[in-house]
Amino acid sequence: MSVQALLTEYGDKYLQALLTTWRLTAVSFAAAFLIGIVITVLRVCPIRPLRLFGDFYVQIFRNIPGAALLILLVYALPYLQIIFPYDVCVLIATVLIPSAFCSEHLMSGMNTISPGQIEAARALGLTFFQMIRRIVIPQALRSTVLPMTNLLVATMLTTSLASQVPMRPHDLTGIVSYINTRDAGGVTAFAISAVLYCGTALVIGRIGSLIDRKVRILR
Amino acid sequence: MTRTSIRDMLYEAPGPKAQKRIRFFTGLALLLLAALLAAIIRQFSVTGQFAEKYWSFFAKITTWRFLGEGLLTTLKAALTGSAIAFALGFLLMRGKLRRNRILRAVSTVLIEFTRGVPTLLFIYFFFLVVPKTGWKPSAFWKITLPCAISACGVVAEALRSGVNAVPKGQTEAALSLGLTETRLFYKVVFPQAFRFVIPSLIAELVIVLKDTTFAYIVTCADLMQNAKVLISNHDAMLSVYLVVAVIYILINYILNKISDRLALKLRRMPAEGSKA
Amino acid sequence: MKKLISLILVLALTLTAVAVLAEETAATPIDKEAFDALLSEGPVAADDAIAASTWATKVKEAGILRVGGTRTSFLFSQLDETDNGIRGFDAALYQLLARYILGDASKFELTQVTSSTRESVLTEDQVDAVFATYSITPSRQEVISFAGPYFTSRYAILIKAGNTEITGLDSLAGKIVATQAGSTGPKVIEEYAPEAIVQEFEDDISARTAVEQGRADAYVTDYTLILNSIVKNPGVYALSEQFGNDDPYGIGLPKDSDGVAFVNDFLKAIEADGTWAKIWKITLGDRTGIEEVPQPPVIE
């Protein structure tokens, strides 16, 4: 099928799919970011059980395959009588996995802070939380703009998991499967989705570099 | 500076009041975590998930052998996919570093394309579209190739950053010694670049391995598919999927640990002739 | 490293402990010996019958029967991982067909298909025949040909035990009804309960799990599959209503292949000598508690 024909027939569905993917990505990233900060704070706080919990959380969610996590959420959890609607399941998966990577990025971002600052802060009598809030996190965030940009793109790629559950409206990957079962969409159906994904990734990358150049800490 | 240094520095040598506070909160945290664990176990038993029929077949060696066969296919797909991704990524990297503008542009477009498109889309492409063109790869290749294509862009960029990290002085010295560009690349630059890049290549292997879990779409008999056989044979969804998830997590965890160890070792080992 | 090894050991020990302490309980398992004996006693075709069919000759020359089917359909074709045997109604048929052509019931190669790939594996010559509780429909007959029918089943509605809201076809209006993607389910629901909201699932177990978990209100599929779900999980599900005409299952073959006549001869042979009835009893009757063996459908 030609691009023209595809667009006239499914153009509105593609737009809907694009918006669905964007919405999922934005919401997931925001939530993952917040959780990532919380988990990172847990991983550096003086209470050992919390540190272990944070490390454990990160190891589980950066190593579990997205498909396995989604299947557990959708099919297995209900046996424990915890039933979430499909879109919530997808959201949980697209939040938990990036949150683990977010925490990893923040940890490496923290290591770019010179220890002298921490010593000075302690000498000045700042408590743990004050140090975290005023010194560690702001600088960690500024050094991790590029990895976080990559994480945003990775989150968008993870949202393709939505195609694996009967979710309406479709996301950009699910729509291709939908079109292909009803029409001989062929390569063009894929090309449109692929271009939309790529385009979004490129735009995100550009914006990310701009922000990075502005807030980068020169040492 | 090792990874944990900042962590430890944030609160070293607390005074007596702080120590009491820490002990209190530690106890509280332990209680909370224990309560969480208890709640999970309770939910399992309340819903009857500890029932015999869901776990008894795990005592049989045939169950593990069967899972093992699936795991072998998964590992084969992951390793083959990574190898192909490396080969493709290498070509793309070379293309991007060439002086020829067209070659550079094409390579850049291909790299950005494979980095910006989710693996699932590539998998559906191989599943739905490729067979119609007359080329009929087996189920194994229908999962390995899309995973490889999806990863090659990232590999190309990682290799490129490795090559850029090799000190320029080496290239200049090699050129002044009369080595041709090709020889200097393969004998001087690339071996060092490769060493820098090994940890991120292993990280990419982990990603490819995670992507192979979508093999059920193309009906390739990997670990997940074999799990489905167990599930329909014994009607035990939760237990089987949990065990399979744990297997994946353990394997990826081990791979990541290997990557970290290698990263440490390589950083300490000075590259031959470099100023590091 | 030590921590990791001890963690793995603890996990393994816990799992083994739970597994060993548990006893084996299951719904009536299949009589493996009777099944395997049946396979080794099946008829073998005469050489000239094979030579007369290009489809059969191709299979004979390849030395193996390529089958499109499944390993996860408990009643019809289920892989038993303890001995790598595939057993079930469909499984019996294709293994007997392998013996019929090649003299040995084990000379087959199974390619996993889903309800959306059953036609393409035939049109692209990836398999010789498809045995997958495959309903004969006119739209499918435009793309491939069917031998048989070898089995008939009506449709039925599966609901959660204790669900008093759904009393039959009419009460499905506005409810979420699960069905298998690519099967005759969606069309049947459209015909008999057009006001229902259809949700498609990849396989039987996902669809009925959805009903069990309350994500769907009912599951419409072939009666035999529903009976299987009810029998394997006593007390969980209930049957609401059987409806519709008899849904005939056929064996998928390439379009207009002369294999259709050949396989039909095979089916008539096993129906005549009582093998069909024995298969039905071992794979379906004994496991679902139905005593009366039905008559095999008429092959035109």
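When the chains are written out, they are named A, B and C in that same order, and each has its own residue count from 1.
Operating definition for what follows: a residue touches a chain if its C-beta (ideal position, glycine included) is under 8 Å from a C-beta of that chain, and two chains touch if they have at least 3 such contacts.
Everything quoted here is computed from the prediction, not taken from an experiment.
The interface carrying the most C-beta pairs in contact is the one between chains A-B.
When chain centres are defined as mean Cα coordinates, C lies farthest from chain A. Work out the mean CA point of chain B and of chain C, and you get 37 Å between them. Separating the CA-averaged centres of chain A and chain C is a span of 40 Å. Computed centre separation for the pair chain A/chain B is 17 angstrom, with centres defined by C-alpha atoms. The set of chain B residues that touch two or more partner chains comprises 237, 253. Among the residues of chain A, those in touch with two or more other chains are 75, 79.
Chain contacts: chain C has residues 209 touching two or more partner chains. Across the interface of their complex, chain A is touched by residues 116, 199-201, 206, 209, 212-215 of chain C.
Contacts from chain A toward chain B in the complex involve residues 43-50, 53, 59-60, 62-69, 71-72, 75-77, 79-82, 107-108, 110-111, 113, 115, 118-119, 128, 131-132, 136, 153, 156-161, 163-164, 172-173, 176-177, 180, 184, 186-187, 190, 193-194, 197-202. Listing the residues of chain C that touch chain B in their complex gives 1, 4, 8, 11, 15-16, 18-20, 22-26, 71-74, 78-83, 111-114, 117, 120, 124, 126, 203, 205, 209, 232-233.
For chain B in complex with chain A, the residues that touch the partner chain are 1, 3, 5-7, 9-11, 14, 22, 25-26, 29-30, 33, 43-44, 46-47, 49, 112-113, 115-121, 124-125, 128-129, 132, 206, 209-211, 213-214, 216, 224, 237-238, 241-242, 244-245, 248-249, 252-253, 256. Residues 75, 78-79, 83, 85-86, 166, 181 of chain A touch chain C in their complex.
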